[in-house]
Amino acid sequence: MAALMFGSDNAVGVSPEVMAAISAVDDGYEVAYGDDQWSLGLDAAYSDFFERESFVFPVTTGTGANALALAAITPPYGEIFCHQRSHIFTTECGAPEFFSGGARLVTGSGADGKLTLDGLNAYVETHRPNNRHHLIPSALSLTQATELGTVYTPEEIQRLAEAAHCAGMKVHMDGARLANALVKLNAPPASITWQAGVDVLSLGTTKNGTMNAEAVIVFDAALARDIALRHKRAGMLISKMRYVSAQLLQILENRLWERNARRANEAASQLAAILQGSGHALLRHPVETNQIFVELDDAVIQALDAAKIRFRRWGLDDPPCYRLVTSFRTAEREIKAVEQALVCLAVPPQ
Amino acid sequence: MAALMFGSDNAVGVSPEVMAAISAVDDGYEVAYGDDQWSLGLDAAYSDFFERESFVFPVTTGTGANALALAAITPPYGEIFCHQRSHIFTTECGAPEFFSGGARLVTGSGADGKLTLDGLNAYVETHRPNNRHHLIPSALSLTQATELGTVYTPEEIQRLAEAAHCAGMKVHMDGARLANALVKLNAPPASITWQAGVDVLSLGTTKNGTMNAEAVIVFDAALARDIALRHKRAGMLISKMRYVSAQLLQILENRLWERNARRANEAASQLAAILQGSGHALLRHPVETNQIFVELDDAVIQALDAAKIRFRRWGLDDPPCYRLVTSFRTAEREIKAVEQALVCLAVPPQ
Amino acid sequence: MAALMFGSDNAVGVSPEVMAAISAVDDGYEVAYGDDQWSLGLDAAYSDFFERESFVFPVTTGTGANALALAAITPPYGEIFCHQRSHIFTTECGAPEFFSGGARLVTGSGADGKLTLDGLNAYVETHRPNNRHHLIPSALSLTQATELGTVYTPEEIQRLAEAAHCAGMKVHMDGARLANALVKLNAPPASITWQAGVDVLSLGTTKNGTMNAEAVIVFDAALARDIALRHKRAGMLISKMRYVSAQLLQILENRLWERNARRANEAASQLAAILQGSGHALLRHPVETNQIFVELDDAVIQALDAAKIRFRRWGLDDPPCYRLVTSFRTAEREIKAVEQALVCLAVPPQ
Amino acid sequence: MAALMFGSDNAVGVSPEVMAAISAVDDGYEVAYGDDQWSLGLDAAYSDFFERESFVFPVTTGTGANALALAAITPPYGEIFCHQRSHIFTTECGAPEFFSGGARLVTGSGADGKLTLDGLNAYVETHRPNNRHHLIPSALSLTQATELGTVYTPEEIQRLAEAAHCAGMKVHMDGARLANALVKLNAPPASITWQAGVDVLSLGTTKNGTMNAEAVIVFDAALARDIALRHKRAGMLISKMRYVSAQLLQILENRLWERNARRANEAASQLAAILQGSGHALLRHPVETNQIFVELDDAVIQALDAAKIRFRRWGLDDPPCYRLVTSFRTAEREIKAVEQALVCLAVPPQ
């Protein structure tokens, strides 16, 4: 049963509505490089979504979006403060360093993948003003939802962003799973982005159901101009852009983003409950979106393996930690399959 | 008749076979980031195509492919010798400089967009060995087909590449329209790439009928390792890579690349003949592939405009030069429409 | 007589006053990295010199000064417009590209090493606003005195700087031989720098009599802050800075800079007159400062060679061009030696 | 008594022999940019010193030397493993990141400023081969003597270098205080550099008695060629190079380096003994060269302050740590002054 897969939300295909949108634009001639009707409509659509004038730069990878976004707010002599588990630090092969011209990532810790205000303040305080020998704090990067599946509340973001701004830093949000966070918080998009102090957003839609469609979004015209000039230079200005832009529009249609994220989050909840119900699993972090990080008894691992239910060991921790990820496409029968695989392990009613 | 468009071969949609291939992979789970079955098959498919072990790195833009390719063969203190009309110099917003860490593009001239052996030799001779103050010749970049629609013969490439290698340079080919060149030359892919001395190839398939699918291709394992490490860092390692890889495979199936390129080239031939037949057009360069560069009398411009036949002025030359580009999708009726629009201008038989 | 040398104004030693200043600070303890009393006095001394608040960043090479200066006013996606003979383009091994993160040098021409307003305007006009594919005009770099020994008048600089500012560019001056230009023009330092629109100056004093003492000087606090942060990162923040700063102060004392430059300029005048008087020399450019560019008959070359008078062929021109450079240390006897060597060639009085 | 200063070994002047050497070359004309007789003699002199063919690149700052050296052995996608207290990480404002094109510093710990083999191995093991998402281990940087005044033995270096080479890394040594380490170890220069596996050395002589004279030294011709091409581009190729080269030669004459370093080390020993003898000081690290890191009772601080004996608090530790640095110029009376200042605090004989 190859279809059983909790390995990654990059491993699923494309939302049918999105595939239809791609087909729908595949007709006739359209100006390339962003001057087609769909691309030209992005700013308006996302301005509506964010309830504020927004500037949208489509790209095809999340790493590209993050690197482009960070380069726009970090001088070469700047530091980017981020969580030690952040994707920009662990899994992007130095893209932020490359695009910024050699800025430095400085990592903080914090439970459940979330930076803390204390941690940020402590970091800032290690920098003396006018020291000629040190890089300067330039950017704060928050991931929403975090790499450990948790979410920052609007208030948490606001407090962190305020402290960052006070220290002369700009705020970046890696929103590879922004939709999942929005669903969890039941909050308007504005509330966890610009209203909370986010200056530049990497908006991911690939994990939410599109075919490699991501975007850098800013809420300020000067920043937008800088990014526009870095966009082509980065090799990220897509020629037949309509195929990407149409997806970025479609995901907003009838709140497709929300339906997809809701399904993913719900599936994760169900899955987490099943795992916990087995009595042989220990959740490492609260399951707030579509990722589960869990310690599993060998019996569980064997049972899932026997049922060909795939997922991945995560990191090098001892005892090992495993990650299960759900998506908009996670089927009821996939959840059921886990349940059945573990049924024999369940703690008997007392 | 908005569908009439000779503005760009980026302006057309996607080949039906390619769209079908995209749909065909949109099912079930697949490992992300290049470990899916389609992506894993790319090396073999292109090794077959090029008749030599090939390493394929899918990307989504031609500028990205060029920049990644050039960075792998040019140290920061290197110079890249290219035609003054080359896309890497005129239209990529400094991507080669960025990716290489500040290498310099040095431009040569040459009729019809083609560098000459004399020009290359003259360039090399301006460099004295062991001069501490000068960048060193590091890369030769050839565009095939050229930006002016012409092609290098295998022998021309071979001679240029040999001279470049003698000077310690590596050879890059910008193959955004490689298929069009292959059809024109009726030559095997090997003959204008590695056999002729090309070290790294940017293979474009977008203009040939795909949806933003390009690739960097190398024929050497050490170069491949370097590019593999730059790929993610560049923000170009696509997560749902199967959707791009499937296109790169499909374009090879039943020589789709050839059929598409042949149609584009033929349409350009027909169009050029019609323009010339009008007695009011002067071709600026031989029409060897799918691009026409032409001076047009006002009467022609007005006639085409009245018929809503779109194309673009090219550059700032005086008298103006116009570019018409055909594609795999150029329809007979589009060619006919031009013919009809110009029929009244035709030189009467004497 | 090995001491005869018109090869370069880098080939001479150090002004005695400067050597004395170096010895004078070589005593006791001083805070490193610019917090010593001499370094701390630089801003005031140069503010006085330029009649405006100035921020001084000592470095030890002219290339370093230029690269640091240009990086502060050119984004990675910017273009630097400079003369095709400019040192930053011909002889700095890509330092401006490196320090700026991959900006591009675009060269203009102009008689006698001077850019023209028409040339600058023509360059600017090739850029269309909001083009996503092109680097943008960001910096104008002028060399004063030029690489060909000529000088821009204050009015010329002003007109060029005004046009540059209108185009959104900042203005850099490579002042490796600023003192020579000031003497020639008999103009106050302000008049050819900030008053004329120069935003950032590379001030060279090495050719003027110091031991590798150069500086980046800006007249704006925001620019100063940016440079301060790039200074250490560039590997240019000198630890025992007092030894460099003392020289930068000494060159101002009793207008040493002026005396030294005046001697160099006068020697060049004398030398040029002698060469012309021989009837076998053709000046290629007006001799306005301390450099002579000249075509020489074989008889002259042989006569000078026989007298062990050394100088260099310059560039690859045919007929060959030769460069003779004088300095603050050029002795009367050295000039006389040339005169004597050529006396037999002199055109006899009619 | 302003002359009393244990603040930094950058705070002292220049060794008289070195000053004499500078004066000695200040005569007549010499070719610039390294083709003078002194510069041309550097390779031979240091080949003799290191007992192996050596290539010497003079620069004027230690940060410059480190950045240039690291850039030559670290690709942009590489990681540099270094101690968390290393100067390249803490105090160079991101120069290694800048010069390498965005490589990443990864820090290890280890007592007394020394990396351990276990630490290195653990670092290497976190990298899986062929992972597309991670930077790769590229360089190991060791500081000798360390930033905490300790030294690596030849065997320790050898073991670390061997492990690094096995992992595909090159080895850099920051030898800002190499002479102090050599004196402590009483070992030949070869034994702690190339013989122990060091690929590229930053040799500092400034703290050892010169006036801003440092060098990058390599033992391999291919590496030398790469550095030669980065040297000018870095703004580090000095025009009147003889003044720097003469110092680099002079420091070798009659083992001046050794005498100077010995004096500095001895002074530190004496000083440490006095501090410890006071009964109010706790050494934080073994005093092996010319730096003392010590916790001091308030009484000591007040006594030293009253005697105008200056030194610096080091870092942000609590309880505070203080650094006292000696140099070749530390006078007996300076040591005595400390002794006298603390005499009243000394623990009375029981």
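For reference, chains read A, B, C and D in written order, and residue numbers begin at 1 within each chain.
Keep this in mind: a contact is a pair of C-beta atoms (placed from the backbone, for glycine too) under 8 Å apart; a residue touches a chain by one contact, two chains touch by 3 or more.
Here the structure is a predicted model, which is why all the values come from computation and not from measurement.
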Could you tell me which pair, A-B or A-C, is linked by more C-beta pairs in contact? A-B
Specify the chain most distant from subunit D by Cα centroid. B
For subunit B paired with subunit C, centre-to-centre distance based on mean C-alpha positions, whole Å: 43
When the centre of a chain is set as the mean of its C-alpha atoms, what distance in Å lies between subunit A and subunit C? 52
Taking each chain's mean CA coordinate, subunit A and subunit B are separated, in whole Å, by 35
In subunit D, the residues touching two or more other chains are 33, 76-77, 92-94, 98, 101, 132-133, 135, 229, 232-233, 237
Within their complex, subunit A touches subunit C through residues 33-34, 75-77, 101, 130, 132-133, 135-136, 226, 228-233, 237
Subunit A residues touching subunit B - in the complex, by the definition given at the top: 2-5, 7-8, 10-14, 19, 22-23, 25-33, 59-68, 92-95, 98-99, 206, 211-212, 229, 232-240, 243-244
Considering only the defined contacts, which subunit C positions touch subunit B in the complex? 76-77, 90-94, 97-98, 100-105, 126, 132-135, 316
